[in-house]
Amino acid sequence: MSTPLTREQLARRIARAIPDGAFVNLGIGLPDQIPDHIPAGREIFLHSENGILNMGPRPPAGEENWDLINAGKQPVTLRTGGSFFDSSLSFAMMRGGHLDISVLGAFQVSERGDLANWSTGIGEGVPAVGGAMDLAVGAREIWVMMEHTSRHGHARIVRDCTYPLTARGVVKRIFSNLAVIAVTADGLEVEEILPGLSLDALRAQTEAPLRPGAMRPLEG
Amino acid sequence: MSTPLTREQLARRIARAIPDGAFVNLGIGLPDQIPDHIPAGREIFLHSENGILNMGPRPPAGEENWDLINAGKQPVTLRTGGSFFDSSLSFAMMRGGHLDISVLGAFQVSERGDLANWSTGIGEGVPAVGGAMDLAVGAREIWVMMEHTSRHGHARIVRDCTYPLTARGVVKRIFSNLAVIAVTADGLEVEEILPGLSLDALRAQTEAPLRPGAMRPLEG
Amino acid sequence: MLDRRVADFAQAIAGIGDGATILLGGFGGAGTPLGLVAAVHAAGLKDLTVIANNGGSAEPDLSLWLAAGQVRKLVCSYPKSKLNTTASFSELYLAGKIELELVPQGTLVERIRCGGAGLGGFYTPVGAGTALAEGKETRMIDGREHVLEKPIRADVALLRARQADRLGNLTYNMAARNFAPVMATAAELVVAEVEEFVEPGAIDPEAVVTPGIFVDRVVLKGAPR
Amino acid sequence: MLDRRVADFAQAIAGIGDGATILLGGFGGAGTPLGLVAAVHAAGLKDLTVIANNGGSAEPDLSLWLAAGQVRKLVCSYPKSKLNTTASFSELYLAGKIELELVPQGTLVERIRCGGAGLGGFYTPVGAGTALAEGKETRMIDGREHVLEKPIRADVALLRARQADRLGNLTYNMAARNFAPVMATAAELVVAEVEEFVEPGAIDPEAVVTPGIFVDRVVLKGAPR
């Protein structure tokens, strides 16, 4: 069996899935790495919810401008043809369905596409939501990028989220380090699976029922 | 008795009442003439609901720009320090209470400050409201500029508007060709009256009850 | 490479069908996309629902569609015009040949913004207690009556702008801006007729009014019909 | 002659009292008006309700007020910060010394816009079915659950901008724009700390982001404290 995808391989897999010309918002955390892997010749437009469209990579050291940061508060650049706007228009872009894809990290995804990615529940200290709920409701397609199971080996693809919900029924596709899974009206369908990993072995690490779909080999 | 104010004199009276530095929207029709009479040295900022702040006078013939028109679709100019914005922000300025004064024409005003200025009722043909209702609800002070009675001699300051309402309880002050009347919690109060015109004679042309207030002479 | 530019008006309006709901930019003549209006007229599209601030004038604007009987319903704040000449909105309306939904101007633009911003509705004090609130849900908020207004979205937005780059970033010309930036957010297909094409980056990123994400096609004002 | 410019930070914050509700601009460090924050800190204002996207960091930002016990309540989307150092929001919150109203970021800015635009509330799909909608009225609209959200207005807005003229027209600097143009519409007293004063007309009328009608005072970033 192949080893599970590294984070970099997973970022590369997702980068390949983003079509040319797409407007995309990448959540804070894991999805950060995706832009480094966009295939050559493909033009992707990155949105940042603090009011940037066509965001570019981090500038070289010493050239940071702290008025030009992304939603994770890291310095970025603006690509030619980019624009700045206020938070109101920025969130109108999301909620209004103007973004093609949003790629988010997650703690849990349910078989119906419910998403839990903002809080691990009561007792964790200070709650904070940022733009997580807005993003989850807004883009035309919500993709989740996550490790298939938690650090402690618990399933993250579940029948019902036990963590506080971010939004109900929004996730369209899950990219994990073991599989690519589509959320359909009939439940979860395995589109890609790690070469050499059996469907039963994948099911053993997944709480929600999985149906075999295309079952193509997952490549990083 | 002095003759009733001409339209020009009425415009001059209102122009004097607008404080220095005020942000003002002037309705289409009678209020159009007010800017010509702003006292020297006073700076007034005119708002036009189609997205202009600090609007200037009509340009000389031959210099009209048909992308720079006022709400009455007449060519205007932009004064130094003016700005353009979309209709959404323009109406937010109104409804949000950011304009100091709006001076509107009217068919009728009630003793409680109800305003009827957009329609003379069913059977008049095609209805049209434009920004009338937005303006009537929005500015901090709504002033009405009108002839005291209709062309047919009917009272326009009434107990209850018989024409379709524009907004309820919004008018603060009525400037007519006979008097300046404040709308107070206790009803209508005559602040200024045409020299030589008795309160009883004014009452005879007014359906709503009038209380004497300062009763200063009305001067054009 | 993303390129929103199209070469002629036929391409600019391609795919718009009979029965379409169209957001039409402009306040009076300022901001009306006359080339796009002419193209839709020439295409003979029928049964249109048009959302626009005005009801057409003596110009070859919405009046063209009205005269040709292309419009089923108008959603509008000010359908009257002193400049109406032939087969005007007034004639059609009084003859019962067109439906009218009259909306206060600020409520009209706010309803379009509401649609474009993915919201479900809003409460406004404008119109409360008037004939234009009849049949609408109302609610007292902080002692003041408010009317519940619903979002407006459309199949198409036809707009006029000043500059566009290939990404669809737009600027406008003075008071011709009016409804356009909001209408650009609220339609499935957004087409702008522009005075000038510029290179990406030529518009200051701080001065882009409509970011290209909202725009599908841009066509030069002088392009072939 | 209208002149919004004030000479120092004491004048900039004059009249703000204990118990004030303050809209504080900025997203992370971008757009936080550090001079105004320092002035409010130095003035020792107490019992403040602060509406801001973030809860302060290691910078001399909102953290200053939090450490000095000046804040009674925070309305915020992201109060946590990895950069929190001393007497952070987290400490106060976990000790029960501060009240928190957590609001999704897009809903936060929309509520402020709603207040500034004179509307009574709006329905949004964001937050529906989550803990942040608990206790809020909901409604099905087109088959989708929506939450009723209320407008936010404040006594004061403290903002950072790039350029200002004497009329209060403002431009911003890149992503430091964020909440400021909306916050400028929703407070009784709007104060902007700016990098530069310019003559009226120096800012392109098409590129004014916040028209001066919304602004009460502007102060230079480097003005005397």
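Read from first to last, the chains carry the letters A, B, C and D; within each, the first residue is number 1.
Just so it is clear, a contact is a pair of C-beta atoms (placed from the backbone, for glycine too) under 8 Å apart; a residue touches a chain by one contact, two chains touch by 3 or more.
The structure presented is a predicted model; accordingly, all values stated were derived computationally and were not measured.
Peer 1: What is the graph distance from chain B to chain C, where chains are linked when they touch?
Peer 2: 1
Peer 1: Would you mind checking the shortest number of contact hops between chain C and chain D?
Peer 2: Contact-graph shortest path, chain C to chain D, evaluates to 1.
Peer 1: Among the chains here, which has the CA centroid at the largest distance from chain A's centroid?
Peer 2: The most distant chain relative to chain A turns out to be B.
Peer 1: Count the touching C-beta pairs: is B-D or A-D ahead?
Peer 2: A-D
Peer 1: Return the distance between the CA-based centres of chain A and chain B, expressed in whole Å.
Peer 2: Their C-alpha centroids are separated by 55 Å.
Peer 1: From the mean C-alpha coordinate of chain A to that of chain C, what's the distance rounded to whole Å?
Peer 2: 35
Peer 1: Determine the centre-to-centre distance between chain A and chain D, using the mean Cα coordinates as centres, and give it in whole Å.
Peer 2: Between these chains, centre-to-centre, one finds 29 Å.
Peer 1: Can you tell me which residues of chain D touch two or more of the remaining chains?
Peer 2: Only 110, 113, 117-119, 124-125, 172, 174, 205-206, 209 qualify.
Peer 1: Which chain B residues touch at least two other chains?
Peer 2: 78, 84-85, 91, 94-95, 137-138
Peer 1: Assign the assembly's chain-to-chain touch graph to one of these shapes: line, ring, star, complete, other.
Peer 2: Shape of the chain contacts: other, as it matches none of the listed patterns.
Peer 1: Output every touching chain pair, sorted by label.
Peer 2: Applying the touch rule to all chain pairs gives A-C, A-D, B-C, B-D, C-D.
Peer 1: Hey, which residues of chain A end up touching chain D in the complex?
Peer 2: Result: residues 48-52, 65-69, 73, 78, 84-88, 90-91, 94-95, 119, 125-134, 137-138, 164-168 of chain A touch chain D.
Peer 1: Could you please specify the touching residues of chain C with respect to chain D in the complex?
Peer 2: 110, 114, 117-125, 139, 141-142, 144, 146, 171-172, 174, 204-207, 209
Peer 1: For a test of understanding, state which residues of chain D touch chain A in their complex under the given definition.
Peer 2: 27-31, 53, 55, 77-80, 89-90, 93-94, 100, 102-107, 109-110, 113, 124-132, 172-182, 209
Peer 1: Under the touch definition given earlier, write down the residues of chain D that touch chain B in their complex.
Peer 2: 1-2, 113, 115-119, 165-167, 169, 185-186, 200-201, 203, 205-206, 208, 211-214
Peer 1: Touching residues of chain B toward chain D in the complex: what are they?
Peer 2: Going by the criterion above, the answer is residues 20-21, 23, 43, 45, 47, 53-54, 78, 80-85, 89, 91-99, 137-138.
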